[in-house]
Amino acid sequence: MIDNGRRLLAVGSILVLGLLVACGTGSSSGGGTGSNANCNTSQPTQGVTSSQITLGETLPLTTAGPSPQQTVDGSQAYYDMINAAGGVKGRKIKLIARDDQYNPSMALQQMRNLVQQDKIFAVAGGQGTPNFLAQAPFLNTQAVPAIAPYAPSSELGNMKYPHVYMTSVNYITEFQIMTRRVLDNFSPKGFGLVGVQGNVGDDSKQGMKQAIGSSGKPLLYIPEQPGTPDLTPIATQLKSSGADWVFLILTPSDTGGLLKAMQRIGYQPRLAAWAGMSDQTYIDQFGDLSQGMIVAQELALPDASDPDVQKYVQQFTKQTGRAPSGFNNSLGWSQAELTVKALQDAPALTRSCVEYALNQVKDFKTGILPPITFGASERQGVNAVGLVQIEGKTVKQIASFKSV
Amino acid sequence: MPAVLAVGSLGNTLQVILGGLATGGLYAVLLLGVIVVFQVSKNVNFAYGELGVIGAFVGYVLYSTLHWPTPLALALGVAAAVVLAAVTDLTLIRRIPDRQGFDLVVTLGALLLLTAGTDVVFGSADRQYLNLFSDKARIVGGVYINAGDLLSLGLGLVALVGGHLIVNETGLGVSLRASAEDPAIARSMGIDVLSLRTAVWAASGLLAAVASMVIASRLVLDARYMTPVIINVFIAGMLGGLDRYWPPMLAAFGVGLYNSLAGYIFGSDASTPALFILVLAVLIIAPKRFLEERHEARA
Amino acid sequence: MTQARLTVEDLTVRYGALQAVRDISATFQPDSIVGLIGPNGAGKTTLLNALSGFTDITSGRVRLGERDITRLSGQARVALGIVRSFQTVRLLEDESVFLNVALGCERNPQPTVVEQIFSLPRQWRARRRDLAATYQILDTLGLSEFAGRAVAELPYATRRLVELARILVVHPEVVLLDEPAAGSDRAERDLMGRTLRQLHAREPFTMIVVEHDVDVVRKLCSYAIALDSGAMIASGEPDVVLENDRVQEAYFGVGHRA
Amino acid sequence: MRIAASIVVMAFVGLLPFALDSYWVFTLSEVMIYAIATIGLDIVFGRAGQLSLAQASFFGLGAYLAALTTTLPAGLQFLLVVATAMIAGAVVAIPTLRLSGLRLALVTLLFGELFIWALDHLGSLTGGTQGLVVPALAIGDSNSQDPTYGYMLVLFFAVAATLTAVQISRTQFGRRLLAVRDSEVAARSVGIGLVRTKVAAFMLSAIFAGVAGWLYAHVVGFVAPPTFDLFPSVYFLIAVILGGAGRVAGSWLGAAYIVLIPQAFSIIGQSNLFPILGGGVLILVALLLPGGLMDGATRTAGWIRARYAAMRQMSSNRRPA
């Protein structure tokens, strides 16, 4: 046995060397980066039967509170409505939503599940930036179209990921528009920005810098590590910088914690925050600390007078028996709406034909998102945000959708 | 690496020092629980902070959802943590096999279990906790002396002095030290070592719950907010040594202050490397004898 | 056979204010069996610790042959062949007798870790050599039948033998035994004494034994050193040392005979 | 007999990717990757008794090296990963030599936090919080992100890692590790260099983790900080303890647990139950089966064998002895 083991090891060592030689040929990237400008009606496909089209998405269902589930509910409500009216091209739509726990590896794993196990036809929706970014390269190699994932990032929305069709504005654009708006209307003395360290905070800072430009207003950027146990230093830094406008792009819990720290040291600047802070669950808990906070608005408010908005609210209420409950319901509905339009417009139910249809989308009004336009090399379908303000236990629109 | 931020006026620096000492005071409250548990049962409880979270949550549900009177709700929250801590000792800690690292493993399991359980039972949304006086302040020389900060600092000082008195000046302290030194001798002195241990665990639950409630009032309430806090508490305990009293307790204040000042001077996201440098520096400077946890019996 | 003569000169070990061992000078002749006797706290274990490098020496010298080993680490002294046992058995309780004894092969020149991991030729030879040595000492001490058993399952006296096997698996120069028969009954003590004598007769080495049992010292040792309160109070033939008045007083609390 | 059994097992394992669909092939590759890193942690924790919470950092180091050196030939990448992991292992080991238990765990945890911090702050190099795409490694006319080829690549290294770990048990180095864990006094008394042994254990475990990370990056095709933070380090620890510290087969069981069970929960749509189960299982195994699942299996097998032998005895007791 001793000698056998040794022989086995010797063979193993030789195999290692052999493999190292064999592998010494360098690297290549995965294939499949074509832009699919043409519709191939005979392309082999999966996820489409004579009676059903299977779609998939991943969201942080268990780690980000109740909101992502509301996104799924919003999409499902729209598909239910379409299915009840006969479906798309005579087929019912089935949506599979998987939990990615906001963890990139888990997200990639779940996307593999969806594509290889559940055999989905396309990705429709989804929520969360780092988790989607982990999936994007995989979707590229598999040439699976991804329609309207909510993943604000400057990495996406361009031909680096030609199969990904973005309807969420990235943080550079979002903070640029917000900052410009504040500059135009409130004559601020100085800006502060507290952002989650890393790409999210950096993108936001870049957007603010672009808007501030040569106006000479100072900007203090403080990157924050999620879960900092004492936020007094950040609050004090902001206070001592003299910033009278503080922009925030933090987790809801750190936003709440920072506002409490500001309260403790008697610092009361005007506040502006990323779109997520218009979520009702945040306002219910932290509304008292956030009065007057300006929040970027990516989706229309359900109480707007616009007829497209009214139509959406009506349809949603009719379908679910209740009014849409906020950001996430609307987001899910809009994701489903664009997906169904692409499926309906597609000359055939193949992936390339659906992408062909997406490329033709021009000024498509969902009643929720600003008008969407894609093109042969345009993947950022929306470039505008509006502004709302937290007042009492709700938000009020203060500026309509506006592009950069 | 962000550039070093200009240190503002003296008033602002004092403000940060106050905040840091307040945080350090809460670390001291938590660390007192860790120290007494370690001294009497030689165990470290990774799930310690989560016991406090559950206490804070129980209080929250009682006052916010069921609208019970706040003092009663908080008292019952503390009681829940006390019971849970005692049950942890009775059901888990007593059965831990005598192998290196197994107390860490078992309490790590309890941490995962309790955190996920808290998420499921109470939901994973962030909640705002009671203010606990942090909306009341007086300005002295440009510094906001906030009642919430004073509460935290005061609790820390009470833990510091009270812990010292109980451990060193009372009969209870004698029993504690006897059982810590040699359980067999303590038993022969008529001390019920096991009950004493459970009582100490229960007391640690009380400390955890009180500190967790105050920390929730300074941050927010969710299933995970105590995790970064408790890591800092353990680091303070590690720097001072869990088998001593004054060094770790003072280290708790020190770590709170150091972290806040480092965050103020070098930027918030520099706190990880700052803490790392501190720990490494202590490891390099500290004499060998200071770092040895226990010697093997006579060689 | 053994050439190395172990000598200590003016050896003092101080722990804070306590002088655990003071100004001890002695020569341990090659291949002799020396008994260290004295009441509890006399400094016997401290002397063993100082000889084996387990404690820092405050002043004085330790030599092996002509070589000054005062500043050598315990590990380096083991490499020179100075090995020891402990008052309480120190074994890997959950591991097998075989593994515990094989551990003693550390004193054989071992191939590098890389050679060991990749099982290169030097490792084959080292492994064959260590296996043979381990099985031989197990056989000598009558432990073969327990080779695969976990140490924790064995009676105390057997564990003593396992520790002895670990010390002797590679032929040592100097063996330091701290109460090898502690915790044993009369018969086990006698057996341990006989075993030690036989082992020593077969392949002589310098042996220094801390032992309380006067009979064992008489039968086993060729030389005895008596300590009291850290100082050496008598040395010489065991019978003579044991009859010494100061030894009698320190040891048995008997006063001077008029 | 054993050789024959090994060949049968190897043939079975080698043919698996042709029988399963690509999803399961990929999942099995992941199990093997995590097994390699778990075997590494088993060396430093299971055998040498040094509680390290930095294993995922070494894993991440290998993964990010793969992502950053895709232009180099694979052989060179591999050597670079091994060399860097060795250095990293020593860097973590040396300041922690005087520590044990909780102190050691906390300092290794801080090393892990610093690693994540560095990843986040070297955004231009590491992609920051968004992570990095790793192009597939070309192997002949296919590549590492093809499930079958990726499986074969990983299988090769997993077998090598397993054989290495088994070989360590047969050496003096393996005995040194156990001595350092069980009794430092005994280790010193036979002349074992504690420092050298601990540093070697850390370096070796870092190499295993580094190679596993290198494979992970090439097979999965994406690296991001959360894959390498404190939680995965804790899960590696769980894998070692659950499987059975000091047992190679235990590391495999543990790795299978931490990869497959979360998947199983997500397939039934209850992925939030995994941490609860994970915590509960950890407690139960530590309390009831301190030797891990492998130990439990061995004891059960021993009991069955004893019963079987007893029955044989009874049926044959009429024959002369």
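Going in written order, the chains are labelled A, B, C and D, and every chain counts its residues from 1.
To be clear about the criterion, a residue touches a chain if its C-beta (ideal position, glycine included) is under 8 Å from a C-beta of that chain, and two chains touch if they have at least 3 such contacts.
Here the structure is a predicted model, which is why all the values come from computation and not from measurement.
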Which chain is the middle one, judged by CA centres? D
Which chain has its C-alpha centroid at the greatest distance from the C-alpha centroid of subunit D? C
Would you say C-D or A-D is joined by more C-beta pairs in contact? A-D
Gap in Å, rounded to a whole number, between the CA centres of subunit C and subunit A: 72
Counting in whole Å, what is the centre-to-centre distance of subunit A and subunit D, each centre being its mean C-alpha position? 35
Here the gap between subunit C and subunit D, centre to centre from mean Cα coordinates and rounded to Å, is 41
Subunit B to subunit D, mean C-alpha position gap in Å, rounds to 33
Residues of subunit C touching at least two other chains: 54, 86, 118-119, 127
Multi-partner residues of subunit D (each touching 2 or more other chains): 117, 120-121, 164, 167, 170, 183, 185, 272
Counting only residues that touch at least 2 other chains, which ones in subunit A make the list? 2, 5, 9, 62, 197, 225
Looking at the complex, which residues from subunit C come into contact with subunit D? 52, 54, 74-75, 78-79, 83-86, 90-95, 99, 102-107, 110, 113, 116-119, 123, 126-127, 130, 166
Could you list, by residue number, the parts of subunit D that touch subunit A in their complex? 2-3, 6, 21-23, 26, 70-76, 78, 117, 120-121, 123, 127-131, 133, 135-140, 143, 145, 153, 156, 159-160, 163-164, 166-167, 170, 220-222, 224, 226-227, 262-263, 266-267, 269, 271-272
Contact residues on subunit A for subunit B in the complex? 62-66, 197, 220-225, 227-234, 236-237, 239-241, 251-253, 256-257, 260-261, 263-266, 281-282, 285-286, 288-289
Which residues of subunit D touch subunit B in their complex? 45, 49, 51, 95-96, 98-103, 105-107, 109-111, 113-114, 117, 120-121, 181, 183-185, 234, 237-238, 241, 272-273, 275-276, 278-283, 286-287, 290
As the complex stands, subunit B meets subunit D at residues 1, 44, 92, 95-97, 99-102, 104-106, 108-117, 119-120, 231, 234-235, 237-238, 242, 269, 272-273, 275-276, 279-280, 283-284, 288, 291-293, 296, 299
